[in-house]
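The structures come next, written out as structure tokens.
The following pair of complexes shares a single chain, chain A, combined with chain B in the former and chain C in the latter.
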Partner chain A sequence: MPGMTSDSGDHSTSVVPISPNPQPTTYPLNHGLKPPIARLSISWARGNTLRVTVLRQPQPSAANGEEEAGGKVLEVKLSDNRDGEIDDAQWRRIAYGSVTPFALLQSRKNSTSTLSKISALDSTEWWQYIMEYSREINSLLGNPKTSPSLAIEDQKTVLKDVQKPTCFKAAWELMEIFYADQHSQAWIPERLLDWLADYDCLFSGTQPTVHSELVNFQKELVTRQAVEDHPKYWEAISSTLAIGWLEIGVKLLRLHGSYDFDQLGSRETENGLVEAVAVLISKMPRLRADLGADKLGECYKNKPDFVKAWEKWQAQITKLDCSAFWLQCEHHQTRDGLKNILQTMLGNSTSLSNATFHWMELYIAHFLYIRPFTAGLESMYNLAQKCMQIKPVSGHHKLIGLLIGILGENPEVVLAECSKSFGSWMMAHAAELLAAGNIQAEMLLQKEQFQLGGICIEELNRLVYAQVLSSHALTWQIAPIYLSSCMKQGMGLLETVLSKQALQHDQVLLKSIEICRLYELGTVSSNLMKITAVHDWKHGKKGSGVFWLQQARDEVRLNRIAKHLFDFVGKSLSDGSFKQWEGLIELLGPESGIAGGLEFLNKYREFRRSLQQVHSGTATDAAQRAAEALISLMKNPSTPQRFWLPILHDSLKLFNWAGRPLLNVSQTNVLLNKLQELSMARLRPDFVNADLPPEALNSVRLAIATNLGRAILEE
Partner chain B sequence: MALTIPSPQPTSHSPPFQVHRFPQDQYIDALRWLPQLSAFHRHVLLATFNSDTSISSLQTLTYTPNSPPNLSLQSSYPTPSRITSLKTLLIPQSPKPLIVASTLSGSLLFLSADLVNGSLDFEFSVPEKGFHRGPVSGIDVDGNGSGSVVSVGEDGKINLIGIGSEGRGSNQRFFDSNGLVSYSTVKWASPFEFVTGGLGYSLQWWDQRRPGGPVSQFKGNWSSGTTSGIVHSVDIHPSRKHTCLAGGSSGTVFAWDLRWQHQPVILSGAGTPETYSPSESEIWEVQYDNYTHSSNIRNVSSSRVLPAMICSEDGILAVIEQGEVPMELLAEPCAINSFDIDKENPSDVICSLEWESIAILTRS
Partner chain C sequence: MEETLLTLDQDTTCTAWNYSGQRLAAGSINGTLAIYDSKDPASSSFTCTSRFKVQETSILKIVWVPPEFGDAVACICSDGSYSLWEEVVEDADILQWKLCKRFDRNSSRVLDVQFGVFATCLKLVAAYSDGQVKIFDLLDPLDLINWQLQAEFQNVIESTSKFGRPSCLSAAMCWNPQRGELQQSSFVLGFNSDILQLNSSKVWEFDQDHQRWLPVAELALPEDKGDQVFAVEWAPNIGRPYEVIAVATCKGISMWHVGSNHDPNGRLSVERVALLSGHNGEVWQMEWDMSGMTLATTGSDGVVKLWQSNLNGVWHEQALFEPTS
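The block that comes next holds the complex of A and B.
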């Protein structure tokens, strides 16, 4: 996703990280044009794409009519070097999926804030909303952690082979634990333990972890006989126990050779000791809300019960540690290994330190065996610092950065870490968790910042995310949801986004207009229609151009278009090509309100129809109707001047009507005035001569004069 | 696109049905059911566009409805341009259905789908040159009669393309409005007649035996004089060839009966308070729904409009019936761009969602 800088490892001060040796990337252009290429123009298109226009030298078209394309417009997608944790399609899926939870949370927020400030009563409800939001977003970031277990489990498979989780999911869950989940507050150490169990593999990249060691050990395990002879076996058990993976520890213990049938007799005491340790492990008291069915340990929800159980359990371990049976155990690896395990369980800091690799693991081991009552972020932070000193790490891990920010109660650091490592999607969505869980963070997010032009950081995040969304042809439609939650600049940016849509296809236009309708952006909508209208008009889709101008109520352009159109309208009654205009006239509709100058077409059609009836018969009624249509056409200011003479010429039969004059004196005067105007206009240089015989004007003048004479006599 | 905050579903009046969603990670331009070969799995035809690679293709997918339902790619055929309209035709003697696809660049592709061996085979095509200028906006295949395809475009051209044994691929210009009128959709009514729809809620009825212009035409002028709309999709029921069902902008669905040309029956939208409108935005597709009340079709008077299914920009898939409350099947947070009811098994509906996924509904 753009807007995300890659983590260069060292904390350099440069804003834009510059890679030391930039290698030029070549993008081939398949334009398929014959050389010579005359011009090449390059501009930015949407998002990370470049628009390249390749133009050939204009050439006279070949004789055989085979026209060569004059040029081509290509789009070149520039790949961005992101760490490929989540691919583009999956990103879009996350973006689509997060729309509904986000919008739902915003609408719930708005309805609570209009009622009152969140009172004590509905605050539990409010936390439910936040958790619902967090869970839905979380589910988008990856599959549920627990994979369906196989029916026949391989005895020697200690680690289930699951898809590698993403840092995004790990980061989200971390924030969920600390900010969103009110129930977890009392059991944060155990929640962190679960978290590390899911994501320990993410730390394996640069240095060993319990997970990576276990993966390596599992490979050896398949080929090994008598595992208990190897120190690695005992190390693996200590390590898994240290970070609370009790199930794996017990499973490994049961692979001990003394369990084999042929060995039971001779190694009875040894086996008894192994089993005693395994039973002790599975009875470990845990201070947590609940424990999954396949998890070991005994669950205690409140502190006094836990303390009692803990002391009893520790006493049992000490008792076993001092037992006389150890002397009878002849297998010294087993004896040492088990003793070391007991030390781990008793919280011997040296044992714990030896059993763990990453400081995060040591941290969890401390919670489990040394300080099970650690509470409060300050003491957790201090403990983390201490563990880091014992097991220093090289390089900066984004999850660690985030965790330290959270433990240090430093929302600025959390935000900076999210922005730097996880990009705009995380910024826009995680801000909700942050604001919900921490008053200090909420103030930081919602304080209007002078440097940001008066908007707050929360709004800034949404604006940035919306921009990322609108830079892609498939996600731009989501952007309005986020922009509409931006109080200050959202609508402005939405107008820009809509105005910059490429409208070559009707579907995009209609989808944009729909968004305009929802957000009451009438002006933007009519601008889009005008752009489409002009585009369609220029590309020969005249009907479509007229339609969209009508929709946009753009009379000015309709009038301009009318002037062009009338050049092509057959001006004589005998011209058969007028038929093709029927469809367009039908489209204009009967009400002429928004047809602009084009309403002439409608009237002209009426006139032609009635005149045609006159020519085919001699009914005076029809002739009278035709005469009325003629007068209304000539009185109408929108009738173009170049049509006057052809219309009058076509009407000769009406002027010389046999029965009685069809036009009265005032009507005839209207026509005479038009004729006069026409004579004056002939003197102007821009006059367009009608395609009529030269004596046409004279014959029309004579006929009208005759009609005038007859009309005067009639009156 | 509209965002609807999810409401508790299903509502009391809607019958039980199952919905399965399948993300595709590419945009679906069009989709159709393909004929059923076995009782255990079905085939679906998709026209897709991959925005990352800018590759458009036709794909057949195998759908296994058993639990868990599964949809997997069977074959793929890259197309030169994006697909605007997709139709299928079952050829009586052949097990391979014919696929007709029109493209954004203005050409027409004919393929046959070998569902047994899983391949899409190119048959022939009609190139852009001398066909349509710009996109072909709609096509329809006449299955039982003359064996031809009619295509319409925004350029105002109407072409007839032969698919029968003689004149296969022959292209005949039936009408050209020279861009003065644009057509967005087309549907055969009989072997000689077809209906087109387009801008300004307009419908045109054409007859091959009377070339030179539409036999009759209709323009919807009900939209209170301010704005008009576009007809996006038309359908004609084989038992009611005189009535044309049309769906378009502003949630408008209406039926135009040739016998009462000036009295269209408005089923939804068009600012009429007396109808129940399931949607207020573009209706992208309409199809008669043979599943709903299919038992009492004979009892319904011939002036009553048969039940129809619609899909809309605001994410609604619903069945509407004259004078009844619409039955909402889906209310998605994103647009539903197209759908298809399985002809052989009308309880099954497939629809494409704006957010790069498809949904399959099974009504029971």
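The block that comes next holds the complex of A and C.
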């Protein structure tokens, strides 16, 4: 399932087919071959990587003998929408980092779902889990704080240079505010304000924002004397105040010339007014849980207190606005600027509209100064619509799309925006927030879709993400974590992922087998081993081949190999051909019992070895061992009948051992019975005649009979 | 977005990737086969590791043998024969590609071959220009030399009707990619021929009880049964309760849902869920992605298209890739 690469512009290229019927996007494939092109051929590689072979029409050889390329093979990664915001290495860091929080949340989910219904107590605990998850993922997406905070070090630096935040982080935080953070529900406007403070710069691309204006102003500030003479100075203050960046507003105010030592005497009233406004700003009541240490304003946690404080504060502003001191202020830019600031603070809609650029900024200004008590998504949504009308934007911004979906309480839009703009990682991980915070969304995510083969969207998201992960050699190993959380099709896809691994590389093979073991995919695992075994067997690594066949318990192939080795059994002791297989049989080890034939070969090898020692010496101990090996071999049902006679013929020396009979009566009887059986079998048509002299059977019989006689005497 | 993995020899006629996408086999007009390999799984640089002559005539198509039977390919040549070649290291540790088996042309040309694995058995199905289908079993799983003809039939529903001398231009075949222990062996087959009854795609299934191949489904509407079939592709099924098969005919690309239970007549239920406009002509190739949710196709209009279904089950063209020089 593809999500398209980033250069898709505004086209819908949703990974999850949620959008109704998108127009196909056309992408060029640059191959650089000279026409005519005769044929294309396609093949899916790992994950959702598509390989396209472009072949030229075969040409009669060029006159100058110069060979031209006959074709190109191109690889197209249909990975994800990351807009180049996050590079590949960073992206893999995020992918690896999100595994643990995701897996932890899933296991917590599973353990709570076993308790029939989440009780009230569990529910608070549950929200903690969600927040913990959200925070951990959030921390992967970038630095914790990037807000336009006050720079103390340099009094003329208003905005700190910070790394530009990513839309990913902004989107994640937006969803955290609305879906995951239960504590923020009472003061969503203030949370949005903080959010905009962090991410206002992301809106600057296509149009001015307070942030971009402030950045421009700061450049001028360094060179300016008597900033208060410039209208831009006052505009900047109004703008920062309008969207609640009080610290910056106050800092700017205090750059006012009347604070200079040499000015204090002559501009006392003016300075008094500036300071009065600065103090009012810093005492602004805020309806929120807490404020950072370096933040201005006064916090109120409950509404009645806040309302009282708010009214009092407004009264103070009005009082200042009507004060007689204004008449004594001779610097008219200061007077007008301060008056305008007071209007902003009093919620004058014209002032607010003038002070802001993007509708999001106007929206925040409305929350701060016009409708500080706004609550509920519906009224927030209506207000957003109104602000958008006042300050229309051209083009679609992905964060705005997401925000509108959230405010409009339309989980389908949220999902579609996530999918379209942020790709599969976001879909797989943000679905947890969505499902936690919105019943409608939860139902949408978990409803089984017949058209998807009975899986739900939540599962689809994870499958898609796992497929993206498996596109890369460095991330495929984490795909199983996500697939194991897919009830219906996860294991199916995991099997496919595993079956496409390049097993010639040991690390890949071992990792794959390990994954099979973890998820109890025995058949897959044995298939991987078979592939390795056959490859090794056919590439001159016979021992390794047999080892993997044994691991795979592949009796069919092992028996084929055993049959092959049988050809060397019974060949004369001096024949060297058995030697070359000896090592292999040795490798099979005593536990090679899985295929009967190999067990026989192993015993046969033992027998041959001890017999060899007997031939080279006269030690009775060695002969005794050889005799035992012989009995064990003959008693074993896996010893094929066609080898009985050759084995016995090899053992003639043992039967005629000079010192004493090596076999007792019952052992000798076993051998005689085998001979009897063999005589009977000779009559059957399918009997295979051993490659031995014709008198072999008789000489063996005679030798065993002699041994029997001696054994009886001995006993 | 796109990256060039490798540049092919002059006069290359066809290519095929192996199961892991780490090896590419490329055939040429003079019967040479080139093998390209990448050293490690993370790298995307490929080098030619072997080059050898398969036949004196042009290679039309290359099909890799399933990996548990070795690193081997089947090459279909323009003289109508096909042969199996395998990479082995024998004495003296020299890596070489060895001819395992040559299936010579007799009265008819081979059009396509495909390999299927069932339980531990490797099957090869070959379709010929006279409309015959032959299925071979590999006798020794460690050796690609000995093949036994298991069945031979024509792609028709009524086995009683025989068609004298059809002339087929091409055949499209695909095994069911699932290979569980309990899976019946089955494949889908369609022809591009002058005998209408042969053309329509049929799903063939091996009947274990009677040891014969039976047509269990026909993937064509009654009025479309004579349409020439250009390509068929059976989608991987990672858990759907039904199978999905894409069939490309002269009318476009259709998506078929095939049920999994046999009716009393032994047939599977089929439903055409979409007919897509395709490639304004012949469809050369179709490939499902690993999840069986996206179909990539290419055809005589010289572009690559991706197709997906939305939540309402509506199939649509999702993206188009247009080669440019």
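Just so it is clear, the second predicted complex is superposed on the first by the 492 of 715 C-alpha atoms of A that agree within 3 Å, B and C clash if a C-alpha of one lies under 4 Å from a C-alpha of the other, contacts with A are read in each partner's own complex, and residues count from 1 in each chain.
We take it that a residue touches a chain if its C-beta (ideal position, glycine included) is under 8 Å from a C-beta of that chain, and two chains touch if they have at least 3 such contacts.
If you're wondering where the values come from, they're calculated on a predicted model, not measured in any experiment.
Asks: Would you sort A:499 into first (chain B), second (chain C), both or neither based on which partner it touches?
Replies: Once the two structures are laid over each other on A, A:499 reaches chain C alone.
Asks: For A:408, decide between first (touching chain B), second (touching chain C), both and neither.
Replies: Once the two structures are laid over each other on A, A:408 reaches no partner at all.
Asks: Touch check for A:77: first (chain B), second (chain C), both, or neither?
Replies: both
Asks: Per the overlay, which chain contacts more chain A residues, chain B or chain C?
Replies: Here the partner covering more residues of chain A is C.
Asks: Go through the superposed model and pick first if A:640 touches only chain B, second if only chain C, both, or neither.
Replies: Neither partner.
Asks: Does chain B (first) or chain C (second) touch A:272, or do both, or does neither?
Replies: Neither: A:272 stays clear of chain B and chain C.
Asks: For A:473, select first, second, both or neither according to whether it touches chain B, chain C, the two together, or no partner.
Replies: both
Asks: Once chain A of both complexes is superposed, is A:92 in touch with chain B (first), chain C (second), both, or neither?
Replies: Touch status of A:92: first partner only.
Asks: So, A:27: does it touch chain B (first), chain C (second), both, or neither?
Replies: In the superposed model, A:27 contacts chain C only, not chain B.
Asks: Scan A:531 for contacts with chain B and chain C and give back first, second, both or neither.
Replies: Second partner only, chain C.
Asks: Determine where on chain A the residues touched by chain B overlap those touched by chain C, and list them.
Replies: Comparing the two interfaces on chain A, one with chain B and one with chain C, the shared residues are 75, 77, 472-474, 505, 539-540.
Asks: Can you check the complex and tell me which residues of chain A touch chain C?
Replies: My answer: residues 1-2, 4-5, 7, 13, 17-22, 24-35, 37, 39-55, 58-59, 61, 67-78, 449-455, 457, 463-464, 467, 470, 472-474, 488-489, 491-493, 495-497, 499-505, 508, 523, 527, 530-531, 534-535, 537-540, 554, 556-557, 560-561.
Asks: Spell out the residues on chain B that touch chain A in their complex, using ranges where they run on.
Replies: Touching chain A: residues 1-3, 5-6, 23, 25-27, 51-52, 54, 104, 133-135, 154-156, 177-182, 184, 199-200, 202, 204, 212-214, 217, 219, 221, 225, 227-228, 230, 249, 281-282, 313-314, 333-335, 354-356 of chain B.
Asks: Looking at the complex, which residues from chain A come into contact with chain B?
Replies: Residues 75, 77, 88-90, 92-93, 96, 99-100, 103-104, 107, 472-474, 477-478, 481, 505-506, 510-511, 514-515, 517-518, 536, 539-544, 547, 550-551, 579-584, 586-587, 589-591, 593 of chain A touch chain B in their complex.
Asks: Mind listing the chain C positions that touch chain A in their complex?
Replies: Within the complex, chain C touches chain A at residues 1-17, 19-22, 24, 26, 28-29, 40-42, 44, 46, 67-71, 86-90, 93, 95, 120, 140-142, 180-181, 236-242, 284-285, 287-291, 293-294, 296-298, 302-306, 308-314, 316-325.
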